[in-house]
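Two complexes come next, and they have one chain in common, chain A, joined by chain B in the first and chain C in the second.
Presenting the complex of A and B:
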């Protein structure tokens, strides 16, 4: 089965959820903070999405910009989480 | 309390009584007791009356005894008794006991500067037949609305925009720059309104039309420049404040019909109710809003305050369904996009007041703005404190404590909080520091605008231009208070949540905290007396000791909020679905239909929605309702048969 790359899934979520479906030229490396993407509910919507979609558990000490501040960073963070816990599979799309 | 309108021909034409009747027809809700039209050559004045003072003798438009002055007046002059006595001593003769006639005589005595002597809430127009001059004025804080426009051959004014849009030749298009401002500040910056061709007279301003020219000038300004010495003990200043409030409340009970009070369960309305009870003596009727959801509901405090003060209390319980049901009517009355549903429960509340037989209510508006009550002031203080030591781990925790009800903020990492709350070094230098988080968050709603509608982006520059010269020299706390009091207060709190939803049911609000003596006193208070460390409304709480229940005096301020987005999309098939449909959004061209659909999908999935999402949904919906009710279906002002007009058709 063909799976959508993680980065595309993250992008789709960010664009749909924070940018009302308007891509606004957001690059994979663009900082969410710099681009003003994140609002008052903040990264927590993103965290809920990652936990629900990919079955990972985001710990409080992992709630840092190094992990969550761009599509690229989120993708890298997710990949490392999934590699560390191979039993957890992508749940659904 | 009433509705006013008028026209002045700028060419040789005569005023059209039929046009004035149509204008009045659109705002009969403001004055269901009587209507009147006066025309004299080029000028026409119209009036819809809600009889409160001198019920028998106060008909309008009113003429000074056999003289050249005519007036149409909406509002109340609370010090009219004292002014009347003074004018009688100077030889003026009065034909009525009304405050309306007092304005006429005072104008005759002092001319345009007469407004400086008035203590009240007003919008009026005086026609000086000798000088062929039309003089308009609006109260200092903007309690009462006054709009105007100019067509090819006429100057037109009215209490509400719909009366102007009922006139031929008045363009009813929305103003894209106004949307840009509303989707930043929640309000337009006066004289701008949501409509491209309609202006509002700013609070504290007068307008003159003479020789075909329009002149607008300020007669009063909100000034936070400290006076030396601004010192005094909390004890002494608290006592002084209480005396001022006592008098402000006393004169606001002047009425020939019974006066009730809104009782929210918070400090301000409880203080006002306590002072009204003290002055009126007998049992007072109080009214409030309650909600099924605990996060919005304050009814326990309302009951406690009512029991403590011995009032006869009634409340209206608001459900999501009711909020959704009345929302289109709320927008019809508000005449501008709103980002919150909070005006809807107040619309339901004024209906309860009216059904209970009351026309007048006291309310606590103005205290949060002028005595340091809003969380935004506290937030700004904490942000500044954090900004001085950005690496601090514990300073941001104060922000989390400030918003216990906002789940998103609780787990937020410091870097995100720092950005969301704008505590970088460059933010600290920004003159709008206090409001950056709110305005920047609100500005995100512009992502919903269509490419065509997104062209205008001058909101901050326009605000900067409107600031008083002395703004930069004021304390940051005072700057924040100014931004709230000069803009959000008249543009939203006193209009969409105030005059417009109260007058929808012919109810007049009166605000002791907005007595200009109280406002001027508060503007001179040092910030430390308004917010001692993080204690909001410190001096007011001090002054209220013994007057109200301790639990209310000491309680943490609960911001007034109502359920937003979920009110509309909970059940499929409602009007909101149609209003937000891609076809309609595309037709109107203001928003991007794909973006609106994405927003609607987010609500439909049941995922957690943010403050921004909720503002977006309510903002888009209210704008589309505005398009529907004002642009596609232009107000007509059709007069029903039973409407009786008292004609003062004096043609000379």
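Presenting the complex of A and C:
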């Protein structure tokens, strides 16, 4: 079965949930905060998405902009989490 | 005069006598001329803001044209009602007391809220108390996300980060409280042909620390232009009882006592006041930092948070959209 790349899944989530389905030219490196895409409730939703979809546990000290403030950063963070805990596989929807 | 030398907490000093005159003129104009009402209704919580508004309205309109209202509910601190009565006694007013618990029970406020808490703390139940809190963070790179703090009947506490469903469920349920209070204030306004006074200060008004159609609703807001520390200066001048002036601000919404810092501002109100002033007056983070007792990058973070909260508050301030 072909797996959708993580970055595409993250982008699809962001576009669907924060941009209401309209891409609006959000780049992979664009800051969610600076673009006004995401607020604190949005961060809660993003964390829940990562935990539920990918089976990772986001620790409190990992709730930082370096990990969560763009599609590229979320993707890199997620990849490092999945590599660190290979038993946690991406969950099917 | 160098701008840098003037940056201190003194920037927030006001002339309370002058400000009082300005506000009471505004209240008279709003109530009698613009709104054409006979007086004002004020929901008094026993906190500094609503008490100060009650004192201002009494001066502006006369105590006989002010109806103060207490709306305790099951989770209210007994102190709120006691301090509210202190305001009424000081102003020689007869308050109305409306326990809104049955309204909230009818709306299943407590039940909905408890169901939401149990999404993250399944053992939450009778005898437990809780509040939701933000971490006290000034690390510019760290997100501050809400957690729930539950005190179990034995006294043990548990702190768990909220899921979106739990957070929104708790907020949506507890917002019934502010809306039920406002409904009751408008009942008295209709009954007496009075207007409803809103009690937010500038911090709350600017940053959206209110419930839409709840405590955010009012016919006029006489202290929404004042920073929190300026409300304290005014309160002292007006003779608001010292116990009220010394009481730490609280939301009085959750069964465990919750400070406003824990719920919304993440730093002390004094620091938040200065940061908001600095941002509003174009003072650089580096210049403001020593006055606020903070690092420049922390002030920068606060400036960013203020802007972010303003974006969220746009929905709260938005006028009705008639579409298309």
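FYI, the second predicted complex is superposed on the first by the 91 of 93 C-alpha atoms of A that agree within 3 Å, B and C clash if a C-alpha of one lies under 4 Å from a C-alpha of the other, contacts with A are read in each partner's own complex, and residues count from 1 in each chain.
Note that in this section contacts are C-beta pairs under 8 Å (C-beta built on N, C-alpha and C of every residue); 3 or more make two chains touch, one makes a residue touch a chain.
All of these numbers come straight from a predicted model, not from anything done at the bench.
When both complexes are overlaid on chain A, the residue A:30 reaches neither chain B nor chain C.
In the overlay built on the shared chain, the residue A:16 is in contact with chain B alone; chain C does not reach it. Of the two partner chains placed by superposition, chain B and chain C are both touched by A:64.
In the superposition on chain A, chain A positions 33, 36, 39-41, 43-45, 48, 60, 63-65 are in contact with chain B in one complex as well as with chain C in the other. On the side of chain A, the complex with chain C involves touching residues 33, 36, 39-41, 43-45, 47-48, 60, 63-66, 68. Residues 135, 139, 141-146, 161-164, 167-168, 304, 308, 311-312 of chain C are the ones that touch chain A when the two sit in their complex.
Here chain B touches chain A in the complex through residues 406-409, 411-413, 415-416, 419-420, 440-441, 444, 447-448, 592, 594-599, 601-602, 607-612, 616, going by the rule given at the top. On the side of chain A, the complex with chain B involves touching residues 16-17, 19-22, 24, 33, 36, 38-45, 48, 60, 63-65, 69.
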